[in-house]
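Look for chain A in each of the two complexes below; its partner is chain B in the first and chain C in the second.
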Partner chain A sequence: MSSLDIEDVHLWYGQFHALRGVSLSIGQGDFLALLGPSGCGKTSLLRSVAGFVHPQKGSIRVGGQDVVRLKPRERNLGMVFQHYALFPHMSAAENVAFGLKCRNVEKAEAEERVARALDMVGLSHLADRKPRQLSGGQQQRVALARALVIEPNVLLLDEPLGALDKKLRVQMQSELKQLQRKLGVTAVFVTHDQEEAMAMADEILIMRDGVIEQIGRPKEIFTAPRTSWAAEFVGSGNVLKGRLGPAADGARPIDLGPGCAFALAEWANLPADGEATAFVQAEAVKLAPANGSGQGLEVVSQRYLGVYVEVQAQYRDGVLRALVSPEEAEAFGVGSRVTATAAPTCVRPMEG
Partner chain B sequence: MADASLVQNDTEADRPGGPGGARDGEIAAAAQRRRLWRRVFQLSPITLLYVVGLILPYLYLLRMSFNIYDPMLVFREAFALDNYIKLLTDAFYLQIVAETIWLGVAVTLFTLIVGYPIAWQIARAKSHVKSLLLAAVLSPLLINLVVRTYGWLAILGDNGILNGWMLDLGLIGSPLPLSNNFWTVVVGLGHVTLPFMVLSLVSVMESLSDELLEAGENLGASTFQIFTDVVWPLTWAGVGAGSILVFCFSISAFVTPALLGGGHVSTVSTLIYEKFTFSVNWPVGSALVFILLAMNMVVIMIHGRLFRHED
Partner chain C sequence: MIPRISLSLWTTLTLIFLLGPLVIIVGGSFTEAPHVTFPPEGFTLKWYAQLMEREDFLESFIDSMVLAVAATAAATILGTIAALALARENFKGREAFRAFLMSPLILPTVVTGVALFQFIRLLEIPSNMLGLIIGHTLITLPYVIRTVGAALVGLDKSLAEAAEVLGAKPARILFQVVMPAIAPAILVSVIFAFIVSFDQVTISIFLTGPDVMTLPIRIYTYIEFAIDPMIAAVSTLLILFAYLLVVGLERAFGLDKVFGKKG
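Presenting the complex of A and B:
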């Protein structure tokens, strides 16, 4: 259980520059999610920490010790692989015991620790099963027990829930999170699923083309993406681009054409020329029926999401997404005309 | 396998009976008959080949093995076990059976030790390198058996390249006995059976994912531990398949032991040849054929026990 500090890490695969100066720092017991589309370098970063790839430049410190020159087996990191990588010829208990055997842990102690680890993931009764006799979720738990039983400095998880069906995935997310918190183990989790990252992590790092696009708490990422790329990747709202008007009532309106009335409560960091990019969460967008036909925005689609209905309305520069309750949505059927607004504090300036 | 699945399909599709009555049953039966004839037709060439080329000669030899050798008549019709009793009790013959088994074991170990790392490299290579390496490994099979064997003599013989060089360099005073012995035969047989071992191993090694090796490393295993605890048990099936191919090929081989052994290496196969051609003792030669067949059968049974598929 250690802190993890990564400083200016560069990794090349031949000509391809996979990691371009990544730096981050997480404290002991934190849960970091590496989020990004495939090919963004998130897996490369995880594998650099694990020691399977070797960054040409930069330092990776686990609990203050630089591990870049250490072999994977010398790093004492627990890893859960994408396809679990359970040894097919060993039982669940033997899989879990493997790391202890490599550490020459005394037999009696090893047996006790294996039993405890299997109990922790709720699989004591399946200890003698071979991996192929276990379901995907059970294999997942064995892999987790195997990674945790060695008391790793940091737990590394490479899209571990990707192969599970949705219901099981959600269940495993909360179990994994609870276990991580209970054990206080520092964890790094790779995923391309924004919801999963939001649900589990204390801190989210969004990567794009080998660089960090944004790092922050889930709420920050969700409500205030730093760039329009991050906003679109997270997909939690709308990127608004337009000219700012003069301040009125402590907010500056942003011109998005007729039917839209958005204003920013914060504009200090925006460029002086008045062109601004802002972000507003889909939940924060308030719709109202437009007065008179041909006025406002046309609703182009409705998508039922359960608790919310997503309403998409055509404005001057694109499609505006709003999440409204199913009752409200009845007033905004496809083809109806609406106006859109949001509280100025919910409209956040972005870097572009 | 294919046949078994066909049978299963038939029973699924043609399950007769039900309330449809006799007419439906007749139609189904006719369909089944048609399918049966089609299968017989499709399998007839291979069946014919096996019956004419293998089963009939074997039956003839089986009958011959119970006859009694007669120096004047070649053989005398009988139903006696004399030949088998002699072969299984006479120290001379038992010695040859033992040497044949030892040859099979030696060639198998040789191909396993040489082939395992090669197979590993092939399984882990990128696709274009892989096809190149595979072609190299398969190359012994592209050369005529006799040519390949004399090739080894040209290298290992008393006047061969190797002895020639070493003499010229003054490393040795007289030629080393590199040919005409047991180990020459092992090398010669190992050369031709290596592809069988390598291909068997490659097929299992390819299905071993890199993630498993990484998991081992991550959990703190040394390279040696990863080999003994992960790679070896997971490639065991390939070791078994390759070994049985190489072993059966080696104990049944004739040309290589006969030519590279220079008359000093006697195996069951060379003995069969000797019995049929020089001493014209067909009954004992025939019995030897079945001793060799039995040896192969036993090995296949042992393999079945050791490498039984789980589940």
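Presenting the complex of A and C:
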């Protein structure tokens, strides 16, 4: 169980520059999610840590030791693959025992550790089953036990829940998270599902075209995406672009056309005058019925999401998304006119 | 949709077409007439009795067995190694190498036979059996490479990666992960190679000599002079042999597992 430090890692596949100077640092026992669209480099980064690909530049340190030149088998890592990669001719117990055999662990001790690992994932009663006799979720657990039984320095997970159906996936998310916390193992998890990343990670890294777009706690990523690309990828709110007005009541208004009244409480890093980009979460947008017909924004759609109703209203530059309670939503039917605002502290400046 | 009756009709016709010659041979081996007749005239085992007295046929059977076993073993080992090499990524000239290894399938067998004949004379290989083993290994190699290669293409690459990250050295990955996963394909290629070698006439005809003559060549030379029911008796025994071979493998390993059906 170790910390993981990655510094200025560059990886080329021939001409293709897959990782362009990635640096990050996670502490022992942290859970990092690598999030991004396909082809963004998240899998390349994980495979660099595993040792299957070799970055031409940069360093990767596990518990302080640089592993870039080590073979995968010398790194003492646990890895769970997208399609589990269980050895089909071995039973669940033999699969779990494989890493211990490679380490020449004494037979009695190995048997005990295998039994404990299978018990930990709740599969003791299926130890003798072959992978094909197990369900997807059970195979997933065997793969997890196999990766953890060797007491890895870091646990790597390559979209391990991608092949499961929605209900099982949510259940496995919380089991996996609990297990990781209980064992205190440092984990790196690759996913393209932002909800999954939010649900599990202590730290989320959003990647785009081989560079880090943003790294931060889930709440930070959710409420204050650094760029409009990150905001759109996470999809939790609205990117607002407009001209800043002079400060009033400790906030500077951002001009988005009639019907919108948004202001920023934080503007220190923005140009004194001119265009600015800001982010506001859909939950933070407050709607009110507009006075008089033809005023304000027109509601163009409503989407029922259970706890919330998503209301979309047309403003000057596009569609503004707001999440409101189902009771409130009744006042904002499609075709009705509304005005929109948000608390200035919820409107966060972005880099553009 | 083909109507059910028409479908079973086609199936029956196909089976008759495929099995017809076998029925005629097997039936003909029991005839009392001095030539192969169908339906058999009367019933006798005298052709089998006559065959049992022909030591040359027994010797040829043993020659063919030794040859097929040796060539199959050599082709399976070499072919599996070649298939493993061909399955590696980033390996320059892979396609050329593959085409080279598959070329015995593409060249007319007669041409390969002539070439082998010259080659083996040039090298002054002392034993005809050794020459035959070399020739048969060459001709059966493509079957092994194709079958094992297909299994390796279908093999999940992450199996080897999972083993590697768990700490396995290359030898352990090969013998404990990759080989068991492709074992069914290796077994299929053993069957192919054995049958191709055991049936081989064209190559063998160039390489046999006074000390060694394979069974197909023995049959071939015999029927140049006479087609009597003893040949039908030999053929019947060969059919039985092939059947027992397949059933034996089925019992030992389960052919449903061998032939594709993922167990």
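Assume the second predicted complex is superposed on the first by the 351 of 352 C-alpha atoms of A that agree within 3 Å, B and C clash if a C-alpha of one lies under 4 Å from a C-alpha of the other, contacts with A are read in each partner's own complex, and residues count from 1 in each chain.
In this text, a residue touches a chain if its C-beta (ideal position, glycine included) is under 8 Å from a C-beta of that chain, and two chains touch if they have at least 3 such contacts.
Remember, predicted model here, so these are calculated numbers, not experimental data.
Taken together through their common chain A, the two structures put chain B and chain C in a clash. Of the two partner chains placed by superposition, A:183 touches none, neither chain B nor chain C. Within the superposed three-chain model, A:103 lies in touch with chain B and with chain C [touch as defined at top]. Once the two complexes are laid over each other on the shared chain, residue contacts for A:85 go to chain B and to chain C alike. Applying the stated contact rule after C-alpha superposition, one finds that A:72 touches each of chain B and chain C. Contacts of chain A with chain B, set against its contacts with chain C after fitting on chain A, overlap at residues 50-52, 71-73, 76-79, 81-83, 85-89, 98-99, 102-103, 146, 150.
Remark: chain A residues 50-52, 71-73, 76-79, 81-83, 85-89, 98-99, 102-103, 146, 150 touch chain B in the complex. Listing the residues of chain B that touch chain A in their complex gives 209, 211-212, 214-222, 225, 229-230, 233-234. Across the complex, chain C meets chain A through its residues 156, 158-159, 161-169, 172, 176-177, 180-181, 183, 262-263. Residues 50-52, 71-73, 75-79, 81-83, 85-89, 98-99, 102-103, 132, 146, 150, 156 of chain A are the ones touching chain C in the complex.
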